[in-house]
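In what comes next, chain A is part of two complexes: it sits with chain B in the first one and with chain C in the second one.
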Partner chain A sequence: MEAHRVNVLLHAIGFGLVTAAIIATSAVAFSLQYAVTDVPNFAHGELLTVAAYAAYETQQHGLGLAIGAAAGATTGAAVAYLMYRLVLRGFVWKSSRLVYTVAVTAGISLIIQNGLGILFGNAEVTLNLPSDQARHVGPFLWTQTDITVILGSLVALATVHLTLRHTPFGRAQRAVADNRELARASGLRIERVISLTWLMAGAVAGLGGVALATSRSTFGPLLGNSFLLVTLAAAIVGGVGRVYGAMIGALTIGLVTELSGAYFNAGYKQVAALAVLTLVLLVRPSGILQVQRTRAEA
Partner chain B sequence: MTFVGEHQTGKPQSTVLAVEDLSRSFGGVPAVDGVSFRISGGEIVGLIGPNGSGKSTTVNLVSGSLRCDSGRILLRGSDISNRSAYQVARLGLTRTFQIPRVWGRLTVAENLLVAGTDVSDESATRALTRRRKLRQQRGELEERLFDILATLNLTPLANQQAEVLSGGQKRLLEFGRIMMSGASVLVLDEPFAGVNPVMCRALQDIIEALRADGCLVLLIEHNLQAVEETCDRVIVMATGKIIAQGSLAEVRASEKVISAYLGQAS
Partner chain C sequence: MIDFMLTALTYVAIQSVLSLGLNLQWGLTGLLNLAYILFMATGAYFSAVVVSDPASPPGTEYILGLREPFLAGVVAGVLAATVLAVVVGAVALRNLRADYFAIVTLVIAEGTQQIAGQFRGLFNGSAGLVAIPQPLETVFQGRDYAVFFLLLCIGCVMVCFVVAEWLRKSPFGRALRALREDEEAASAFGRNPYTLKLRAFVIGASMAGLGGSLLGAYVTAFAPAGWGVAETLLVLVCSSSEALATALVRC
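Let's turn to the complex of A and B:
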């Protein structure tokens, strides 16, 4: 009986880590893009969805999941980039009013959802996954796909980290996020940094979308949209626009949702995410990492 | 440092920065109203005047942060009036802000690197031998970074987040950014404000060294003693217009200047 309880717990934590990996990829992309470009992208979920469909489409052509992931990342990057260049750029420069950008991105979200519905039908499609047995990895029970998802996310997050911390472009990104006017006065090409950030965030979100699709295996045009809430929750719990916070936020939300799913009811997962979000907003309105900063300012 | 300012050899200087009939108003109220002046390479010019006389607005216009309503700004003979701030910066004109600005979430060293990187990045695109050039430039960049950190006594703080710096240290970091950027036209908005006398002396030395390197400096300052020590000549503004130019002693004797300052005090 005791052993069974421990198993349920470990099982849930194992699941939680897989979920956290997917949320982290999505939330880091959201936070990175928001921090640098100042646009809260309510069409973020659709970047995941188009990537999932790209992976599905490559599979229809008999290609493997690795190529599907690459296609997903490319599609996510391209859609994010076009979203910015064709639509958002005009709005962002003309008016910085938050409501407008929210309304416009929400509009883009609906357009993409409907577009995908027209292209692929509103019925769910199914990814073919290698049928593999869950096996024990340390204390956890993971399938090969789970392991790939975790490793893939780790690689994506490490790449984001290395870019931000150790390349001139990453420094420029952080400078633009930190103080845009100073960056401009210092001769940084803001426009280029922002365009490339959409590309980069789109690619990372795309990888998240493929990971999400593999974890669900069947999905429809609402795949990413249904994931926006947990993404936002993780990004906010970590402190909006804080890339590293988003990773911690994802871990929190991933574990809490899976544990609540295991102990209560799978239907409560989103509720659990919202509960954590509300709690964090009450206790530390600017995210769990924020406490040090406030102290420094005080 | 690399080359000695020509002014020291006594040769006549050519105009590097020229402002012609510059105007800008906010909601119909003129903040800068028909301002013209010329500054040569190697000169340090003070821009003084009562509060609200349009000094910072002039800086914003010259640096491309603000668009002018009319008039022209010429940098080495080419019109930069319609250039954006980043283009102006790339042409070698750098400014500081009345309230010091730093990238708080970047480290002190990173603040300097950002100020230095992008320019080398551009010349790298031009270079054919891209790789080697890039590596060489990165080496030079780091060397310059260590030099500047040492000059400014910021070495112990190199890896601190810039947001923890004191006001005076942020000023130093701003100077570091200027030095790193390799700009030759410096527009400084109250660089000595809120800085203790010792550090003020240090900043004055840095300005002097930059001039010796051939930089032109336009500096806004309320502390007339610092202006006297630092500047070759001054431009006095009041209510958006230039009311006097010349040596500090000359403008101090001017009726217009006295009444502008007294008018503010009363």
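Let's turn to the complex of A and C:
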């Protein structure tokens, strides 16, 4: 009995880690893009969806999942970049820009959802996965796909970390996130940094989308939108716009939702996510990585 | 044609109540509340379960079912929305950044919508409530009833309008506007941004509760599907300015 209980717990933690890995890629992309470009992107979920469909499309042409992931990242990056260059750039400098960005990104999200519905149909499509057995890895029970998702996510997060900390571009990104005017005054090409950040965040979100698609295996045009809730919850728990906070937030939300799903029923996952969110906001209004940030209200 | 006009005007009146509430939050205070629709839904659901018989029509499940009169239902709906607003506002307003508030309220709206859809015992899950009893439905018939309901809604609009105008012109309203324009300056003059915003948020939400109660009773049905973020944006677009009169005209 005792052993069984420990097993349930370990399996739930195992699932939680896989979920956390997917949430982390999505939430880090959201937070990175938000911190640098200052646009809360409510069409973020659609970056995941287009990437998932890109992976599906490559698979229809007989290509492997690795190429699918690459295609997903590329598509995510391209869509994010175009979203900024073609649409959002025009609204960034408006005086009351928050409501514009909310309305415009929500609009983009609807357009992409319905566009995908036209292209691929609103019925769910199936991503074929290599059939594999779950096996014990340490204390956890994972399939090969789970392991790939976790490793892929770790690689993506490590790449974000190395870029931010150890490249001139990363330093420029941090400077723009910290104080845009000062960065401009120091001679940084803000416009270029912001465009490239959309590209980078889109690629990371795209990888997250492919990972999400492999974990669901069947999905429709609402795939990313349904994932926006946990993504934002993780980003908020970690402190919106804090890339490392998003990783911690993803771990928290991923584990809590899977554990609550294992012990109660799947319906309680949202309740658990909201409860964690509420608790964190009450104790630490700016998220777990709380740092006072002085910055004019937009 | 007259029936159509009556229906359209009733919707305009209900939408006006909703717009006035949102206008207090966003127009006056600058709170971009993406969970506004949640408070409308709370009003609709609670007033519905207070006036309905238990489990009617057969097969539906929901809490309460008190068979109380319409007025009690409206009071319950407004109260429920107000209480929920205190909780949500206390959580979401703790961090005073405007964009943070928008993101948090969006998450709360989506999360609660999914919860309402999943737990069938609460408000009949994703199927929602149907056959919500209407006030005085035995007294008036046909077109008379439509006129009666329209007048009821217009009465509510007038009450909300007077309250909103009074608040806007009061020292409280001035403080809110000061807060919207420059939070730091307002704090420097001894205003507490958190409590001011919370009060505006709660008053606006209670109007949302009233509008929701009316809408539920008018349509006689309510389900989580009619409660997306798209609906909030619609109300937002309708009431996107401080001037109350334009808020009324635009919807």
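Here is the rule we use: the second predicted complex is superposed on the first by the 287 of 298 C-alpha atoms of A that agree within 3 Å, B and C clash if a C-alpha of one lies under 4 Å from a C-alpha of the other, contacts with A are read in each partner's own complex, and residues count from 1 in each chain.
Convention: a residue touches a chain if its C-beta (ideal position, glycine included) is under 8 Å from a C-beta of that chain, and two chains touch if they have at least 3 such contacts.
Since this is a predicted model, take the numbers as computed values, not measurements.
Novice: Looking at the combined model built on chain A, do chain B and chain C fit side by side or clash?
Specialist: With chain A as the common anchor, chain B and chain C both fit in the superposed model.
Novice: Thinking of the overlay built on chain A, is A:132 touched by chain B (first), by chain C (second), by both, or by neither?
Specialist: neither
Novice: Identify the partner contact of A:271: answer first if only chain B is touched, second if only chain C is, both if each is, neither if none is.
Specialist: In the superposition, A:271 contacts chain C only.
Novice: When the two structures are overlaid on chain A, which partner does A:103 contact: first (chain B), second (chain C), both, or neither?
Specialist: A:103: touches chain C, not chain B.
Novice: Taking the superposition on A as described, I'd like to know which of chain B and chain C A:178 touches: first, second, both or neither.
Specialist: Only chain B; A:178 stays clear of chain C.
Novice: Contacts for A:190 in the overlay, against chain B (first) and chain C (second): which applies, first, second, both or neither?
Specialist: In the superposed model, A:190 contacts chain B only, not chain C.
Novice: For the overlaid complexes, name the partner, chain B or chain C, with more touching residues on chain A.
Specialist: C
Novice: Minimum C-alpha distance between chain B and chain C after superposition, to be given in whole Å.
Specialist: Minimum C-alpha separation, chain B to chain C, in the superposed model is 17 Å.
Novice: Which residues would you name on chain A as touching chain B in one complex and chain C in the other?
Specialist: Looking at chain A, the two contact sets intersect at 297.
Novice: Give the list of chain A residues in touch with chain C in this complex.
Specialist: Result: residues 40, 42, 98-99, 102-103, 106, 110, 228-229, 232-233, 235-236, 240, 267, 270-271, 273-274, 277-278, 281-282, 285-286, 297-298 of chain A touch chain C.
Novice: Within their complex, state which residues of chain A touch chain B.
Specialist: Those residues of chain A that touch chain B are 168, 171-172, 174-175, 177-179, 181-190, 293, 296-297.
Novice: Using the touch definition up top, name the residues of chain C that touch chain A in the complex.
Specialist: 26, 32, 34, 90-92, 94-95, 97-100, 102-104, 106-108, 110-112, 114-115, 118-119, 183, 229-230, 233, 236-237, 240
Novice: What residues on chain B touch chain A, complex-wise?
Specialist: 63, 65, 84-86, 89-90, 94-95, 97, 101-106, 110, 113-115, 117-119, 121, 163-164, 177, 181
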